[in-house]
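Below you'll find a set of structures to go through.
Shared chain: subunit A. Partners: subunit B in the first complex, subunit C in the second.
So, the complex of A and B:
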């Protein structure tokens, strides 16, 4: 938080907003990653996502507040045709696979290809090898995921929605990569940090995104 | 211009060279009779026309060939003897276009030409009129007088100006048309982006105003001419045609009170001496009105889900179950006997198995029945779903199906019965899970029509927020609200859907009723698509079932009793055979005992729906296209 007086009175600088979409095979942990990131919770038996879900969460990176508008999608191939609705226009994507399931890694690769073809050219993509807590059952080596990510210029991390390992880090790394053009800098040219906790608590309620 | 000028156009009309505008489900009214058809602005050779072709009531082939169409001088006080003939009017003869308040304020216009006044034309949506006006501006120069656009014949429309400029030169007509086509695309794009300009006002303030019925009007000046209150009136730019949505929302009728539950004592009165269920209609109506007593569901649901025919005897049912038991074992053994070696060469099987396994592990695990590590009921769900994949091999397993099976198994606690009840349920809804998504998209389109009809303010908000694809209701419709209600509520909701006595898809009315309940926060908080999706998802388990069912039933009757139900709702949703509109109102009968359910396949066969006419012209498929092209970015 800036110690200098704000000249704009109580008005806070608007957070930068970014549309982020989660993609990946069914049951790799997309909804669990979002739930961990947004609400700090984990449900062992998180129910399937039907249609899509929408949540928001903010992170502060280098003094800049970034608000993620997160679109969580259904993973089953059957519902693939709906995905473009959600990734179109997205500035960021997290493509998730399950490190204990090789097929899901292959599926992740095909998502990368699809986004290369169909999504915004400047989209920031992170590849997340989830279920790191089950690394004793690992079927995809970390080096393999890492090499693929490097080759395709993706952020890469192994995560665990269950333990929380690396979950916020993925979002923070994405936030770092996103353009930081201030929509309206305040008079000091400084951004004001929005209290993360308060935002997190509000984040789950209806009707509180993007219209504030 | 004189009649002679009009009739000159009759001779040797060239083929259509260009289509500028097309709208389906546009109704023309004579007196009290409306006929639906396609309305188009098109060009034949050098001359542009507005043309309207009825869907089905007029057999063009039998009456006159396409080229024999002429300008038919309609006298709006006379009713045509044979259906409604097609209509064609040269655009150059149009003198004025007046926006009119139709019955209950539907968007409609009256076009007057140099020699006649055309019948009142009802458009499905306000933006259809807006697009039409935008299109006609290319041909005509309008001066706005209150709610009427008067053609200034001394000035040419843009189209004519362009043509004169280009055709004098050396450009081939092809080049010119290309240029015009590009230009029209621009207009179309501008129009779409400008839809938010469509003003939505006067809602409610026209309530109670005498609605002038087409045909009753004798002169232009006699037409009801509402002048909007000054403070509500948008001041359009000169020559601009600001459209007013004059429709008032469907009046909210009082919710229908739920009846008493259907009880064991009543159930026992429905059997004959050999155990057949009799007075089935009465029984279904009771369940529809009040739901089953929870203890009774195990007995009643096998009939509702077609495990047993209603007229089977006790003895026959035992035999049926015996047979089904054998069949289940056969199906189960088919997948159970696949060897590991076989499996290696059987990708489809492996994929299905993986999907089923992943999903049963996370289906309703919060319920006591499915809770805990190594819960045997999870393995049972797996077995039943894998067996269903054998039963319905073409469909296999699709996400959402475990949500439909879980409550059935929880109810019956018997794999065999749960499986066959699931089969019966899937027979009703399997199209929801088809790869092409046509069924669900069609339902979303129907839901869109209903909300538009019932509450255009809500609809306009959704449209403004790129949400009129109704995708936020996808989950509701895919699995019949399974995620929205819990416990006995979802069971009661389902049995209401299964026993609905009306020949309609009741889930559409349930969805509409919930949306109408939630309209105020959606509109007042100016929710965008993302907000709405989250809001709707968060309604899960917070919806009062009784309130919804009461509102749904009253909404259904309310819509049925309206005199001006649009063609699409009438035909595709309510599935009412074509009848004069004025007589529809009298069919309303709040008493559910009226037997009006007709077997669906027959009805579907003889009714001509807009979908039958031309796949590509179907408004629903247009919406589908819309959905797939739509960017759901939250508005900045």
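So, the complex of A and C:
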């Protein structure tokens, strides 16, 4: 089975499309991160995701527009068997844990291992320690997350879907790592712009420690 | 002007302007009057018959729904034969010795998992901010875990229990938790094993649906398969939540009327009809992203707001679908995936 050819040939110089999947234990904030990134909103009570939800959002990095096709998955263990359907062929993944809950960090590690084995070899993975705003209840130290990420060659950030800290940065960092058909050689124009997103000014908030 | 919520406390679709809204409520009032008169005439006699089946297909009026659901499913009988069991289960769920042993597959205490989903069930509906609603939801889901440990808690059951509580709530707001518990048990028994640990039956039924679509609405199937995405990516929720959060709330209840009476084949009929109904839109889709958006936006599609008309069409357009065929497909699909 092969997909219909994408309509973004070099002639059109249209947005590059990338499939991105969110993985992680239930209630770590996957849906909230997506909602923040796509709509700039946060809901204290975010509806439980059943199966998976689909959203899109574009970012412009160094003059190249990248469209993310985002699959936000269900977190409960029994939905695990559905996950491969969503990460199959994905060019990027965000694995999310909740910094106030150790078990979710362990679960995140097992996702990293699973993607290493089963996803595309060139998949770009980001590890996000979410709920940074609750860092007074932290159970996983920043150093621990970042060391694990470094060891496994992952982008790493602590994020808060609630305040917006680092949320768009995760996507931007991923976008930077993705292969561009027409690479723009000028690296000086660091004009990272996030479309339709109130959080654009939000820069590297506290707890940001992107690798590279 | 923002319209107030619909009768169950949900938002109207954003596309509803004042006119559409008025026309819809007006028409609904008329159909409801008609339905109620027909059910009044039954005098509480819900014995199975062709006539009753026909009536159920037209939708059970809100005021009769609890009684009808209890008597056309196994729930009423079970509740009578197991007097006190529900209270006993909830009492045990309040004891630490019991809950310590109730683990989700992740190893976490299942009560905690349930509790976390309470406020994540219909958050836009004001009823689901009320402590009594949330407490009852927790009680029913926990009792169910104890009663059916092989299933336990599956995300999605929170929406099913929430739907049962709302649907059976009396006019003055009284909730019927024990009835809802038995209705939940009845529903799970009507379904193949969708909600249990590995969800294998769920995956299997998605594959069956895929074949059904290919056979009955081939034009749309070829579009979907052209993108190389398994249908299952989009329809999992349809089966797990029995169309809750996929179709308008009152239409879901109408689907459930027939689900309780006729069994799980109705899920396939509704699912196939969704493809028939949206044939044109589906054929126009250009890429996988459009396809995914299409499924996401189904909920806000006005075509299912008139539940009466919608369900009449479901039955008309899918009348060739035979239970035998589904059962046969279930077996062949299951053996294919085993290899």
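The rule we apply is simple: the second predicted complex is superposed on the first by the 168 of 212 C-alpha atoms of A that agree within 3 Å, B and C clash if a C-alpha of one lies under 4 Å from a C-alpha of the other, contacts with A are read in each partner's own complex, and residues count from 1 in each chain.
We take it that a contact is a pair of C-beta atoms (placed from the backbone, for glycine too) under 8 Å apart; a residue touches a chain by one contact, two chains touch by 3 or more.
For clarity, every value in this text was computed on a predicted model and none was experimentally measured.
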- request: Mind working out whether A:107 is in touch with subunit B, subunit C, both or neither, as first, second, both or neither?
  value: second
Task: Considering only touches as defined above, state whether A:36 meets subunit B (first), subunit C (second), both or neither.
output: neither
Message: Touch test for A:84: subunit B only (first), subunit C only (second), both, or neither?
response: first
Task: For A:76, decide between first (touching subunit B), second (touching subunit C), both and neither.
output: both
Message: After the superposition on A, what does A:162 contact: first (subunit B), second (subunit C), both or neither?
response: neither
- request: With the two complexes superposed on chain A, say which partner A:47 touches: subunit B (first), subunit C (second), both, or neither.
  value: both
Query: Can A:131 be said to touch subunit B (first), subunit C (second), both, or neither?
result: neither
Query: Can you list the residues of subunit A that meet both subunit B and subunit C?
result: 17, 26-27, 45-48, 50-55, 69, 71, 74-76, 78-79, 81-82, 85-86, 103
Query: Can you list the residues on subunit C that touch subunit A in the complex?
result: 104-108, 113, 116-117, 119-123, 154-156, 158-159, 196-200, 203, 225-230, 232-233, 236-237, 240-241, 245, 286-289, 292-293, 295-296
Statement: Residue positions on subunit B within touch of subunit A in the complex are 354-355, 358-359, 361-366, 398-400, 402-403, 433, 435, 437, 471-472, 474-475, 478-479, 483, 521, 525-528, 530-531, 533-535, 537-538, 627-628, 630-635
Residue ranges of subunit A in contact with subunit C within the complex: 1-4, 6-7, 17, 25-27, 43, 45-56, 69, 71, 74-79, 81-82, 85-86, 103, 107
- request: In the complex, go through subunit A and note every residue touching subunit B.
  value: 17, 19, 26-27, 44-48, 50-55, 69, 71, 74-76, 78-79, 81-82, 84-86, 88-89, 103, 204-211
